[in-house]
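By written order: A, B, C, D and E. Residues from 1 in each chain.
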Amino acid sequence: MFAYLVRRIAYGFVTVLGVLMLLFVLFFAIADPDDIARKAVGERASAEVYEQWKKNHGYDKPLIVNTDHGAAEFARYTDTLFFDHYRRMLTFDFGRSDADDSPIAGRILAGAVPSLSLTVPLFVIGLGVGVFFALLVAFFRDTYVDRSVLVLCMLAMSIASLIYIIGGQYLIGMLLRWFPISGFDPDPTVAYRFLALPVLIGVVSGFGADVRLYRTVFLEETNRDYVRTARAKGCGDIRVMTAHVLRNALIPILTNVVLAIPFLFTGALLLESFFGIPGLGSLTVEAIHGNDFSTLRTMVYIGALLFILGQILTDVSYTLADPRVRLR
Amino acid sequence: MSKPLLEMQNVSVTFPSGAGRVAVVDEISFSLDEGEVLALVGESGCGKTMAALALMRLIPKPGRAEKTSRITFDGKDVMAASVDDMRALRGYDLSMIFQDPMTCLNPVVRVGDQVVEAIRLHESVSYGAARKRTIELFERVGIPDAEQRFSTYPHLLSGGLKQRVMISMAVATKPRLLIADEPTTALDVTVQAQILELLRELQRDLGTTILLITHDFAVVNELADRVAVMYAGKMVEKGTRYELLKMPRHPYTEGLLGAIPHAAQRGHELNEIEGVVPPPALWPAGCRFTNRCPKAFEPCEGTLPPRIETSGTGVAWCHALAKASGR
Amino acid sequence: NNPYPNEGGETRVFYSSFAEAPRTLDPAVAYTTSAHVITANVFDTLLEYHYLKRPYELIPALAENVPEPREMADGRVSLLFRLRDGVSFQRDRAFELNGEGIDTRIVTAQDFAFQIARLADPAVNSPVFENFASITGLRAFRTLLSERRSGDTDFAALRADQQYMALGGVPGVLVNGDNELEIILDQPNPQILYWFAMPFTTPVPWEAVAYYDGNEGRDRFADHPVGTGPYALTVYDKQFRFVLERNALWYGAQSEHRDAPGAAFPALSDISDEDIASGRIEPAYAGRALPFLERIEFRRERESIPRFNKLLQGYYDDGGVIKESFDAVVENDDLSPEMAELGMRLDKVVEPGVYYIGFNMDDDVVGRAAGDRSRKLRQAMSLVVDVGQYLEIFLNGRGVPAHSPLPPGLFGYDPDYRNPYRSVDVDRARSLLAEAGYPGGIDLETNAPLKLTFDTGDTSAQGRLRYQFFVSAWRTLGIDVEIAATNYNKFQEKVRSGAYQIFFWGWIADYPDPENFLFLLESASARSATEGPNTANFMDARYDELFAAMENRANDTRRIEIIRELTGILETERPWIELFHPEAYTLRHSWLLNAKPMGLSYPVFKYRDIDPDLRAERRLAWNKPLMWPLYAFILFIVAATLPAIRTLYRERT
Amino acid sequence: MNKHDTLLLRTEGLSTWFPIRRGLLRKTVGHVRAADGVNIKIRRGETLALVGESGCGKTTVGKTILRLVEATSGRAFYDDVDLMALEPGAFHDYRRRLQIIMQDPASSLDPRMTVRDSIGEGLRAFGMVSDDEDLTRQVAELMQLVSLDSDTMHRYPHEFSGGQRQRICIARALAPEPELIVCDEAVSALDVSIQAQILNLLERLQAERNLTYLFITHDLGVVRYFADRVAVMYLGRIVEDGPAERIFSEPRHPYTRALLASAPSIDPEHRGVEPAALGDVPSPARPPSGCHYHPRCPVRLGRCDRDVPPEVNFADGMSRCFLSEEQES
Amino acid sequence: MPWISNIAVLVLVALGFLGWRTIRRNRLWSEALRALWRRRRISLVIIAVYVVIALLDSIAWVGGTVSGDVSDAVAAFKPRSIIDRIIAPEAFKELSYSAPFAEAGFYDDAPLNHPGAHVLGTDILGQDVLYRALKGVRVALLIGGLTSLIVIPIALAFGVAAGYFGGRIDDVVFFVMSTLASVPSLLLLIALIMVLGIGTVQVCVALGVTGWVGFCRLSRGETLKLREADYVQAARALGVSHAGIILRHILPNLAHLIVITFALQFTGLVLAETILSYLGIGLDGSWGQMIDQARDELSRDPIVWWNLAAASCALFTLVLCVNLCADAMRDILDPRTRREEQ
């Protein structure tokens, strides 16, 4: 188990290196640092400012080979954007935003809490609702409940999330006035008011896909032989569903769920921007609008890191949920 | 003897198919006395498991037992029992060992707990007590290191051990009727012998009634008192073990026994039954064995074969026999 | 549904919103409206605009007087500011650089000089350097600074203020003791006084610049303004909210300055009847000491719909009328009855700005190289753009069609002037086009259709529609204009390399003088030559000559004549198709008092006030949640599950 | 029995070990010795039954000979050519002569290929057909050979019953006209009545074409009926081999004895098999030391758990047991 | 560049025809298709209509006159698609908004140029909404369909090679794959588009890069399984070459998965485009852009709903139909359900 974990993490690390390579190609080779600098300091800035800016943001070195150093010198390869990029990303030194010079790490830390306070409830409630409905549907399979929920899921899946948000805000925020239309408060005793609506909308828009997936999983499990064994033992429906089916269905659900964890951090782009939640999703949207490459780069990197971590977690949680999987 | 413990009368199980419902078990009847071992034999797909599931009221969803079926267990009408009554019955008076021990145990629950669950569903005993009983049971069915095995997971057990766990789960509440659905099919011969021995012992010690389902006449020979042979959802012959194995009357039973290779036949062609069992929807209308029967003649095709008493204890359903016996 | 659950509505807090955080709050750099909302309240300036008087009038603020330009012997001009005594900076830990436990400091003339020097500092990268370039020696100071920095590492390591000191400061900025600041200009520049009413020349403590360097967890100065103004920025969370809180050390709060023009509400005599009649200004406030609001809360609201909806619910105190809900709010150019019922007020003000379509005059097809041919093409294209329709469609008529770059309310604006090329005349356009050699859009020389490109850095769906509007107008002439929407970077790149033909741009004035518009077309500010704001690269000798004559002239009739002549050149040359002068509609609640819109300058919160009780009452009344749909929904769910439960029940027995 | 005089296949110490990888670098920490020094001999035209319990490595031996899994060590001489040493290209020729019928007829047919294509695959691969029509003709012949209706050749496997599918597999194996067919539990998945059909078919084909079978099974009844010689396998090792009659009448290895004793009979006169072996089959990944069978062996000796018993050759076969050693001497 | 799209149409039609013929020949597939037709007739018809519209919109040529009284040099010299020619948007427009079937403008109540003719009303520029919705079809199919058509073969090649041969190839492919897969796809998509710039080609490339992984992973995993399948071993025993095995056994057995994944990915992409549009990096003329524009229209008074409704319905219908078909296909092609049917 331990060895497995170490190996898994080592591989994760290699993947991180790969992701960094990808980012390098994207943000340094394809997007020209000179362009970014020009854009940031403005047209009329003096060469001095321009160079200073590039220096501050770490864009001032040659891409891969630094010819300032002699052919033999090690620095020829270390004093470059490529090396710097790796060094800084791996040490979590994200530098400053291209758009407004603020330190990215700080903004990400600041954005994490609001993002989490939106996505964690969204995730938990979404999971709960999804599993509950899926159980219900699996229980009532081949009845009108099953069919109507299935149709509902299909419909729900086919609607763009933008429409959910606009519609939900208008209906619940404006017409029914149950919750504030948008806003946020870091104080948890009141934050729930702000989060209720986005969470509700998020749950509804994710509902379709989730329920359908879980339903398939549950139906698959209810057809297994061990369920029959449990019934033959004299288990009631509810016990069969909860004590036997649910525990087995947990495994495929886990994959789905644990992989969603990075999105908890990177936030929900649309929800955050529409509901004025100052989270990481909002930060990303802003980076896109502001052509803030360094922030976007960092967000992609963090997203990938968390994703890799999530995958490792999935594998580990497999062992916890499923004794058959032995990690070696 | 007074009343039989179990009586199945005209039990039919149907599944929906393209055109209406197809009976995969068609009006079969048999009964079981207390302490007796009845073997239900037949080739794959002939409806043995479904018949047993009908008794447990566990037929999988689109299928159902038809209203005409009458099942009486210990004087109770099983078909009319409420869900709760049924639940109380299942696993307590009626238990079942399923065909494939590999998939019938819940893979994520420790095997001991699965047995404990079976006990605690029916008896209000503490977990500790149930656990103790489970370990005793494990020892009883010959699971070595019972204490340790209690908390392993099914995938860590070999087939034979899994089957033993299944058996201990089934007999945990000392059921009056044990249905053993192909209890040894998935096992190696040496282990099969051990399991057969175990079942024999249990039956002897606890006086359990056993409905043994198998397609292996050798297993029948080892365990059964009486035998019922099914073909394509229909009962074709019933009789005592000796009768049936020694002098089968129905052409199908004859064919089956003849098809089993053994030393004696070496060098000779095996006595094969022509053709294959058709899928349920294509079962012939009259005698279902018609199209494969070497003795088939014209009434076989259209009319249901009559019931012929072949001896005091044996019956068969066959036109040819009827003709031979002059009816 | 109250978005401010922790606060009752009863405090004097003003609630507003922001869409995007400003990039910088450094007063030397901040040049956007979104930044000025903060900087104008955090930083005091030497001069201010009178809150109520129109046309705009300068009043002294940190200066005790509005200086009279004094011509010096050598032809240079001197401006002498006498500074108010005992003005101190807001409390800030930056001042600890001066010693333990000190958190404020008296403002001296040196702080002003420091800031003016910063404007010249290339490292600060101030966008308005050129506007102050008439100060004697400012340009030389800039060059010197940059030379010394690159040449002398010891010098470069010094603090900015020490560097300026070492160079002896800007020669044209003279500090006479603590309380006198003299600015020497190379030539007369009457407009420069307006620049002293902007935060660019606010006093800036060197401590703040030195301390807030962004290192070791300290903010950057751009995010941490330290000023003397009536409010101090106490919360600055760019993602979420800003809070301005009353600055107890503001000079207006000190007894000796209580009557200063910038420290008290204007006298009754200065309040126009119209302002009173429209309910904009509460006469009872006349002469009262400023400010009134305790706190100003800005919440982030990226999307306009939620912002507007919250305004309607009473959770923002004022807000622009978004286009999207215009019809709900405005009817027949006035407040709709529904809104009036809510007690809302609508303020309209034409902003001193202009939106235009520009042609790149360096271009071979539309520019000067093609001579008369391109002139006729530009004229023809100008003749088919129906700006009235544009305003109607995209801005709900919120704008005044432009005939020249000059917006209404400015000196030299002639309300009767009608640009002959700015009213739609398709026939004339057709014939002009034919004269230009492109009859029906076909280039006679090549016999191929004329193809032009409309370059933009706006890729949004909304933006695209706007461009589409013009394109279809030109299409009626048969001219094929393609929209080249790239991201902003690429667009900038195109502008830099001159690879653009037609663009859409706007200009909002820095100060109310025609010069501030007409300079957009002088050769000296041509983009291709000097990287200036003349993106059309319009270069016309006669224009330049006239412009030079007009630029620094006092507002007399000759100036009007020159302006006429200048606009006359533009009229025929058509480097621009002037579109419109934007008009801002502001919607505000009845409890918001004294909010007179200032088209030019920046919201000055010190004059505004709130009636918190009224607000609390209204909010409560407007936000009763509607619960019956919830009950209906629950009922529906129950009804829908009933049959399922019945089936279940049946199955069990 | 002079039809069995030429040796067709002889393996020498054929071993197939599947690595068990563990740890940080997926280092191989051990092996599943699925086949461990297997020596078998098959004469032309003979049926050698390889019997043993599930998981003991029977399939592995079969596949190794066909090089569907690569052998770890050992040699397999086919007509005195070492198959294991051949280059893949050179082995291609031998593929034609060696065929396999897989354990499970359902999964060994490509569900998306018509029966015609499945059967014809080998013909195509070995260049034994000239054109499409030729293929159809040959496939039809093959199908008739295994008593299948050749009109059904354009159907897909799922449209056939288990017995028919097994026939298709047989036809496919017959197509390249092989000399040796490995029948991996060719009848185990079938019902008795079908099993009889298939066994009869195999018997007939052997007679007609002088085929040689390596017949892998665990069903002793079938072996007794069908095989000429028997090799008994236990956890990767052959523990006994010899002529079928001798094995059944006079088993030498205790495991063989247990196997025979455990097989229930259908003779109603004889009832009550006694379990002759103790406990369960151990895992081949962690086989017991010494003689693999010792923990279950009722007659084990003191050294059985330490030393690996040698192959003791008799005139009529071999046994791997210390007791046999004594017997011999 | 009308010829590119015209050639693309030709190629697509040819491919479609070839595909159709192969399917017709193959009983399993033609049966599956027939079953699909039986179960999802409406959906299939709708999808076909969408495809036809997209194709009609892709065939363009220069010349011809614009109907109506607009003498338009631009139109005459610009390639116009069949849809453009049928609807002639240059002539068929109003000043600004008008409601469906309206006789007069939305704001000014001025009479329309084409009263009652705009079935779905007009948008802010007076363009016919139906026309715009129809134009969106092509973009949507381009996003989901064309990208996948290009990406799938590549992904398949890598995935199958990696799964089948294993070893170094597998290591490399797996590494590239897991690297790409570990970047959340929406973020990667955004980053790619930001860096590459906005435009149909760029967006398709970005979608390709992100979509590649899914197919590749699927085909690799499945190939790993298939490689061990008994029938593949049997084929090896029969002397079939690696190429033969891949072509005749692996690919056909992957096909159904690819088809289903394609359908699901397709809908995912079309929906994702709305998010891209919201972020300002969407494709021109897409439904996403229409929806994004409609953000502003919803709070107008009276509400301007037809633009949003048209785009949403068009999107919704397509996604739903494809989803329904994918679902049905999954059942049809699932060997388990198939076997039970027999």
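One rule holds in what follows: a contact is a pair of C-beta atoms (placed from the backbone, for glycine too) under 8 Å apart; a residue touches a chain by one contact, two chains touch by 3 or more.
Owing to the predicted nature of the structure, the values given are computational and were not obtained by experimental measurement.
Note on connectivity: the fewest chain-to-chain touch steps from subunit B to subunit E number 2.
Chain centres were defined as the mean of their Cα atoms; on that basis the chain farthest from subunit B turns out to be C. With A-E and A-C as the two chain pairs, more C-beta contacts join A-C. Nearest to the common centre of all protein CA atoms is the CA centroid of chain A. A straight line joining the Cα centres of subunit B and subunit C is 88 Å long. In this assembly, the C-alpha centroid of subunit C lies 44 Å from the C-alpha centroid of subunit E. Between the Cα centres of subunit D and subunit E there is a gap of 52 Å.
For subunit A, the set of residues touching two or more other chains reads 166, 170, 285, 289, 291.
Of all residues in subunit B, none touches two or more other chains.
Within subunit C, the positions touching two or more other chains are listed as 303, 305, 309, 487. On the side of subunit A, the complex with subunit E involves touching residues 14-16, 18-19, 21-23, 26-27, 30-31, 154-155, 157-163, 166, 170, 262-263, 266, 269-270, 284-285, 288-289, 291, 293, 296-297, 299-300, 303-304, 307-308, 311.
Interface residues of subunit E facing subunit A in the complex, by the touch rule stated above, are 175-176, 178-184, 186-188, 190-192, 194-196, 267, 271, 274-275, 278-281, 288, 291-292, 295, 298-299, 308, 312, 315-316, 319-320, 323-324, 327. Those residues of subunit B lying in contact with subunit A across their complex are 56, 58, 60-62, 87-92, 95-96, 98, 100, 103-109, 117-118, 121-122, 153, 155-156, 166, 169. Partner subunit D is touched in their complex by these residues of subunit B: 43-44, 144, 158-161, 188-194, 196-197, 200, 215-222, 241-242, 245-246, 255-263, 265-266, 269-273, 276-277. Across the complex, subunit E is touched by residues 63, 66, 68, 92, 95-96, 98-100, 102-104, 107-114, 117-118, 121-122, 124-126, 154, 156, 158-159, 169, 172, 175-176 of subunit D.
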